[in-house]
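This structure is in structure tokens; I'll ask about it shortly.
Order as written gives the chain letters A, B, C and D; numbering starts at 1 within each chain.
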Amino acid sequence: QSDTEAMDCDDRPFCIGTVTDAATIAPWNIDVLPDGTGLPEGQGDVASGAEVYKTGCAYCHGEDGLGGIKPIEDHAGYPALSSTDPTPLSAIDSWPTKNVGTYLPYATTLFDYIRRSMPFVNSQSLSDDEIYSLVAYLLSINKVIPENSVLDKASLSAIQMPNRDGFTCDSRPDTHNEPCMGDCAVPGDDGFDLGVAAKPGDDSQEDCMVVQ
Amino acid sequence: TGSALVMTSMVAQAQASDPLPIPQWTKTLGDPVLKNPYGLPSPFEKAIIRRETLAADMPGGYNFPTPHSYWSTTPLQDLRGTITPNGLFYERHHAGVPAVEPSEHRLVVHGLVKRELIFTMDQLRRLPTVSSFHFLECSGNGDMVTEGKFGKNVADIHGLLSCAQWTGVKLSTLLEEAGVEKDKARYVLAEGADSAAMLRTIPFQRAMDECIVVYAQNGENLRPEQGYPVRLLVPGCEGNLNIKWLRRLEVTDNPAFSREETSKYSDLTGPDGMAHKSTLIMEAKSVITFPSGGQELPEAGYYQIRGIAWTGRGKITGVDVSMDGGKNWEPANLTQPVLSKCLTEFTLPWRWDKTSAVLMSRATDETGYVQPFIEQLFTARGKYFLYHNNAIQPWLVQSDGSVVYG
Amino acid sequence: TGSALVMTSMVAQAQASDPLPIPQWTKTLGDPVLKNPYGLPSPFEKAIIRRETLAADMPGGYNFPTPHSYWSTTPLQDLRGTITPNGLFYERHHAGVPAVEPSEHRLVVHGLVKRELIFTMDQLRRLPTVSSFHFLECSGNGDMVTEGKFGKNVADIHGLLSCAQWTGVKLSTLLEEAGVEKDKARYVLAEGADSAAMLRTIPFQRAMDECIVVYAQNGENLRPEQGYPVRLLVPGCEGNLNIKWLRRLEVTDNPAFSREETSKYSDLTGPDGMAHKSTLIMEAKSVITFPSGGQELPEAGYYQIRGIAWTGRGKITGVDVSMDGGKNWEPANLTQPVLSKCLTEFTLPWRWDKTSAVLMSRATDETGYVQPFIEQLFTARGKYFLYHNNAIQPWLVQSDGSVVYG
Amino acid sequence: QSDTEAMDCDDRPFCIGTVTDAATIAPWNIDVLPDGTGLPEGQGDVASGAEVYKTGCAYCHGEDGLGGIKPIEDHAGYPALSSTDPTPLSAIDSWPTKNVGTYLPYATTLFDYIRRSMPFVNSQSLSDDEIYSLVAYLLSINKVIPENSVLDKASLSAIQMPNRDGFTCDSRPDTHNEPCMGDCAVPGDDGFDLGVAAKPGDDSQEDCMVVQ
């Protein structure tokens, strides 16, 4: 096979860029989609996850995942990974603390994020089994799955997160302001129309993320 | 210099009768050429830098725990025109700035394509280019206001915003080269090479129509803080989507719902706790940069009100300015040319008579959308919304000439 | 990086079967925000700097005796788009770069005016502004070619050229404020505060219509090398006219005929030794920046020819490119928007088949003027002309891929 | 007189910028125009100028003003201020060395330039008498005026420089190139029109410097 054939030049606009394959790309192809596409082989249970968490994560995210470690005084602490109230965000009306249990629509997001970004100072150093166990542990302390859970590709893909219905598509613009030029009302005046609560967006919004 | 205007006219008046002195720099040779092969600002400009917003100005743990997942602000109140010089471009990182070696860096294009491709930087630089001027803004810009914190000046409140001329290759060029399977493709996932390995989902049509894989910023190669050697640019869309240190583009039929598309960077839609999954576009916004918070007017008389306006939905078509807290408005002048998805400078002459005045600006874009008051955003989205705060910014000019949040 | 393209595709091909490694920067935190409050380029960009043209490349005493009356060049062959980042803006000084203290600096406006005025920087910054994009070019750019010396690359030959967004106050605003006596005024003398105290004569109509007293460059305050804190900008006119470290503007009824308008910066008109007294305008010019001298094409295949074009007479209306030494030409694409008296980027796709080729570009501007060959300039002006060499620049791409003067 | 009256605000668009006067500006108002406007009181003779030149200028411009001192090897030397051939530039056809005698249209230019820019490392340090004497010396060694000359405001203004008629106004564009696209002639080909020597410009050119 000549270089040109390998490059597939006859079929390409520019023939710039080297042809490769899935095996070459595999170490970087780490994304996990909501339907489980991208999950590796492997498994992990809650207890193992608790161990990994204790040695690798707790010193930032707190012993019970309630976070709050503040390396800089007057700044926020490292984020919590759990909360004391497991109610899905869309079901409450108080200042929302978005976190793993109350907010994520898909459990795969948790796997994907830990796989690419954590631990913070040494990312992409966990084994696939460790990641499964951490996900199991974190979902357990968030009261999403039972303590005796064992997660693998199939079971993780099957998890239904509590807040999975808590999202709609972008429905902005969600305000309507008249470009009044003179003698205008301002918010607080009787004559000022504050508008209404925005309607939810629908899946036809062209930028929307819709899982098929 | 900086933002503080000193009362120079009276001082100058007193000295007006003395013959002008000849300064030392008029009598002796200055620095030779190439003292700085890569030039730097005057030492007298050392106050014009990127900054953090001090915890003292943002109480309550507003600032993030670590300088590696954090930001720094552009001193917009000290800039003119619409270009942000590269050294003052805002930062927002999630694992600090990686020291990427350009000869080692690779960009992979794969997924629903006929051929998976790897590009070196040299290969990317050979492909046909586009150059265009666009702003970048973090969707969290101004989020503290929604939490009842106000900051001191434009940098504190709106400083996660910059603008440059970007050069690179259209993403569609890379996808066509890979033989993208257009009938199946619905999204393109973009991923970074820093240790956060940020992942975002780009809608396929936007990827093909709008996106640029850029490697130059105001003429020179990208700055490390802006993604050296290559980043994604999605004109008009939130900064986080514009993946820095871009290493991988995967054409898929499903979105990722990554952590930065769910836990963070997603917005509550209303009081019921529901949220938007994707809010990519930065809506029309403007801010007066002079007179603005932290600045001071030295005397009564003429001033030029100035500011910047921008929209992710194309061109700004007008900016109105009020000097009485929103009761009456005047259309400001827009510096030409007005470019799409780019900062636009506006100016308006004004005479200050030493009475207090609340100044604000209100942008309109080509869709007819008008920049709202924050109360309208709270009504539409509930009191807990955080991102995409494009509300009108009021400044109170006090009778002593000092300017604070209005 | 820089200008040398390495043969990466074959190397990459050989490595294509190995799984991609995870670089260290993907596994560890990078630099924190605000590591550089005023940002700098990547260390991997350290070759992209201003330079002198080496004496070895310009034999015969071409270079000036002292680094204080000298220049440094912009590496145009390594830039993209049309903006020159401030740290790479070319220099041309006559007594080095003075360290002007902005609070002490004054600008005097006097002469045929109703009231003589002194301005501080704070006062100048209050006045109404204009912001616009313009190139600056030294009229000596390319002069070595007229003397039979050729240099190696674009920087050597055309590097006294840069472009930025400039913000300041119109000169007409200052003159109207001083109550200029329009019936008597014929010229405005502009003078600098460095120890050369450069003096130039500005024709009054041009002063009123075109000139800007600028203090900002690509958004931030002027760089010292570009005249901090304030300079004159005369769009489209030779760099020397754009007086740096501006201290004085005098409205007069007679021109100065200063040394830089007679001994230097004036041009022989023909073989008879006569000279022009004023040649202010920089005429239409273009140069291919890739492939250009000193660069190398690694293999046969697609390349994007690119370059820049500009004219002091308004807008560039077209750039034609020849790949066969001027026998046949194709119109190149002009990056939009095309702005008046500003750099314009042009591009053209090309496939190289490893045969030698002479590339050149030819600009046309809105007056219909077409960039000439140097032989035409020698015919018009005689063999001794020096300044305003806007001739077509040929590059020879050799069969081994290396590019030299054509 | 109130501050406002002193500022002349009623008559001004912006009232920004402080009103001043000629005495204040005088130290910076150093330009000399071709008709002698701006020349100070004072005088100087050739011999005095030779002395000042010897101590203050010769080490750069050479003992006889023929220049050539090269502080950097391989670069040009400091410029000559004279030459061995006094013929006005417009009357010769050899590589022109533009200098003081052969090129300047006005003697006032020489006074103005020395006053603002020289000596190179310590400019604006000469007295007015010293400048008159230097101008006398330099014009003398350039064979423009006799060795016994004494220059003052009146006599310097009256000097007629040899090359005073050697200048015309900008007459560009001075080339005409057809934007030929195919089968084009290039310089060297018979079919290529190199054009003609440019006509002199006339004083009506809008940017031209014309002394009234």
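Please note the rule applied: contacts are C-beta pairs under 8 Å (C-beta built on N, C-alpha and C of every residue); 3 or more make two chains touch, one makes a residue touch a chain.
What you are looking at is a predicted structure, and each value in this text was computed from that prediction instead of being measured.
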Dist(centroid_CA(chain A), centroid_CA(chain D)) in Å evaluates to 72
Chain B-chain D separation of Cα centroids, rounded to whole Å: 49
What whole-number Å value describes the gap between the mean CA coordinates of chain B and chain C? 28
Residue numbers of chain D (touch at least two other chains): 14, 16, 18-21, 24-25, 28, 120, 123-124
Multi-partner residues of chain C (each touching 2 or more other chains): 9, 12, 16, 20, 26-29, 66, 68, 95, 108, 118, 123, 126-128, 195, 197, 247, 302
Based on the touch definition given at the start, go ahead and assign the chain network to line, ring, star, complete or other. other
Pairwise, the chains that touch are A-B, A-C, B-C, B-D, C-D
Going by the contact rule at the top, pick out the chain D residues touching chain B in the complex. 3, 6-7, 14-16, 18-21, 23-28, 120-125
Residue set of chain C touching chain A in the complex reads 9-10, 12-13, 16-22, 26-29, 301-302
Residue positions on chain B within touch of chain A in the complex are 55-56, 59, 61-66, 68-69, 94-95, 108-110, 114-119, 123, 126-128, 173-174, 176-179, 186-187, 189, 191, 195-197, 199, 201, 203, 205-206, 247-248, 250, 252-259, 261-264, 266, 268-281, 283, 318, 320, 325-330, 362, 364, 367, 369-377, 379-382, 384, 388
Which residues of chain D touch chain C in their complex? 8, 11-14, 16-22, 24-25, 28-35, 37, 69-72, 74-78, 88-93, 95-96, 98-100, 103-106, 108-110, 112-113, 116-117, 120, 123-124, 166-184, 186-188, 194-198, 200-201, 206-212
In the complex of these two chains, what residues of chain B are touching chain C? 1, 5-6, 8-9, 12, 16, 20, 23, 25-45, 48-52, 66-68, 70-72, 78-89, 91, 93, 95-106, 108, 118, 120-123, 125-132, 164-167, 193-195, 197, 215-216, 218-225, 228-229, 245, 247, 298, 302-304, 306, 335, 337, 339, 345, 347, 349
